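Going by the order they are written in, the chains are A, B, C and D; count residues from 1 in each one.
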């Protein structure tokens, strides 16, 4: 007998990421879209599928969060709530979902360490899986894991990240995170052979931890790209990730929906379930 | 008390790789060059260091292989023989070294599976470590391991290898090996969305196992480069290794010299000791 | 006194390229959208701006082609028709536009050499500018011109084009066109140093004219990319163009609209007006 | 009747570039090595060919500069002096060569604008060609010319240069020169869309003229590489030059030797004769 499909609630279903999730869940054979929640009045009662640019799914956008959790809790198959809402609401959203026995998969960032700790205890007590995933890009996690492996054998590394020129911050959060992961290896990278002189201040990039330099390129036409370049005598080893569309996060979202059903506690980070 | 340096014999010390090994061993603080063996008459009795382009090491090139093994076997510290000679001689070289209790690190390729099996049994009986390493490039092994990790999450991959135009064979042995490693994952890559038409035969590259395509570029100015490109909706993940100098193999050679002392049997492949 | 804006008709205004043109013309300070023509019944009478994803422009989609030309011919300022319709209709569209004194800028491909010759004579007689532009990408034209300049000094070149895996043909038309442009230099590229052996048929790519090889990569996540790689002893010179959005064609379209007003005959190719 | 070969003197023939020139001249069918001058005592009287790593040329290294010029002036075919010596000596070398009717091709940098002006007048009076070439890389000149062409159509550009970690200065002189060439277009590049914030100072690179940013990567394994990246809505256009060996300068040197014979005055820069 075939497994019944996983019932999925999408919270924030009218947002950019929410629409992608609606589409991905609708197209996954082992899932069914149970509900589509969003607080923005302009999309109320629209069909979630049509809003996402696919066929009608007969699932209207609603702002009735708790009733949807109650509905989901009555499904015979364990239900999952995917949350791409707002930093200010996710703490309560997660607690409510767990209280109803619905398993949260949360992509919104902004929880404090204390909040995460508190939610972890709450999930533990309820023996309910809960996934908090700041970055759903499987490709970026693979790049970071490959970079960590390489850093055990290479002493020299620099990071280049390239983004469209509407991005205000430099370096990107992901580049900073990558440098932090490498820095945790506990070694000083890029021991200098010569005393460097910057004829233009900043030419050598921004200095992150442990001697790792990050260079940020901003140009229209670029989307979101990161390179980690390792060098040693006679060789260069480069890892590059290019993102061109939010669709790239969906394999990670679907993986998280499947995995959260097997968990009995809170887990943080996509790398933990890959 | 500091550890005594590891005594190293270099067999094939006048060849291109042999000279690099002489240089690397001479510069490694935990090793000492005990002997430099080569059969080519033109370099006989030259100083191995000077031949390698560094300072004189007071180690003359000799063709006396067995006497050098005998000498090495009398060292208090376990000795290692690094062999970059010829496919026709390595089988006997390895047996001789093990017979004298000298641990072989062999970079020459060309042993048959039967020969490797036979040598493995011989090493087992003698409880002597022996390393056979077809590719000493740590960067390439890292790339291949990262590719294997990525292939668990990506269904689409192509390989581009770029070499100087003096290379006759296409694709490169390393690119074929990379495709084989991916093919061993046991899944069919690159399921077709559309029926492809080649307006120029060969445009889509060479088809290796499991749907993996390899493209070989040959141009002067290139040295040795390999890219493995993974694609999925909205993202591309690229691994690239560039080799510009034989020096790139030396970290792998030094690692092998240190590791072979801890082994009691034959091990094949750099990835096993990284 | 400021110049009056250029009145522009967009033919095929409901198509993907047509919508981009509507948006670009609406946002160009020196142009005004006079009419938006399309034959598809489903978009009839919709506002062209809203259909293009911008504000309402009070220009409804109409299928009345000749009346719009008649209207445009009464403008005090010379009008331009941008045509992104169908190969089967452009010959007649161009003749009609010229007959009404409206200057055509045509992006649709598919005219035969005889048709182009015929239209050129027709434009000559009417002393009316007409632009036929098979590729509106300024970046690609720059790449091709840079490649032609490089081919005077480099004897070795290969082309790699990378596209999404929904593209059925390989190589891409643009890659073939680039090879043809280089081949017109009248020299044989890539004289062989060694006799090449393909261990996998097709590994060395598709052989275009004059020894130029083209390699076609197809992966999801890729969009449209082309590299031309020149090699010589000790150096490699690479030209790469990445397209991520139809917006990239708009600077070429706007340039063509401005330039066609200065012409008195038919001109073929964006490179002629850059 | 075949043209007699061009007699060439190499000044600085024992240096790294000088040896490459000796080799390139010896292998050029339309040239003959007339003399090899060098002041370093350690190579005196050695055969210039053997020192350059090729066959003996029966041309010994000599420090007799003026006698060699006198010899060259008696050749029936106009002679050329290629000078890769020292900034302190080139001014006098050039004057002496012109006085003897030998045409200078000078790769050494370091002349002041006044010295160049003075030499130009001296060459004019003697109606003698003279070439001063700060960068003999034809590939880099092609890249710079392609960048200038692109800058007429793109408003956004950044430069990345990547070198080995023995290079002390950042950015490289060639990257600064490229930025200067673009800045001479007389337009401000990279108008900001957003107010940028550097979370790590220097992340956005060094700011050269007219808004152009330069990023300098330093890693072992790299040699000498430069990328100029242009961006516009929906597209990126990248020019990249990779240098792996001094051999890359030889086509430029040979071109200069042939061209200087057709000149009657001083010309500065390889781009002037391409």
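Things to note:
Throughout what follows, a contact is a pair of C-beta atoms (placed from the backbone, for glycine too) under 8 Å apart; a residue touches a chain by one contact, two chains touch by 3 or more.
Just so it is clear, the model here is predicted, and its values are computed rather than measured.
Listed options B-C, C-D or B-D contain a single repeat of the A-B interface, assigned here to C-D, on the basis that more than half of the contact pairs agree by residue number.
Among the remaining chains, D is positioned farthest from chain A, on the basis of C-alpha centroids. Pairs A-C and C-D differ in how many C-beta pairs touch across them, and the larger number is found at C-D. Our note on geometry: chain A versus chain D, Cα centroid distance of 49 Å, whole angstroms. Centroids of chain C and chain D (each the mean of its C-alpha atoms) stand 38 Å apart.
Residue positions of chain D touching 2 or more other chains, listed in rising order: 221, 230, 232-236, 242, 244, 248.
Put simply, chain C touches chain A in their complex at residues 221, 223, 242, 244, 248. Interface of chain C with chain D (complex): residues 137-139, 142-143, 145-146, 149-150, 153-154, 230, 232-251, 274. Those residues of chain B that touch chain C in the shared complex are 156-158, 160, 162, 165-171, 176, 190, 192-208, 213-222, 229-236.
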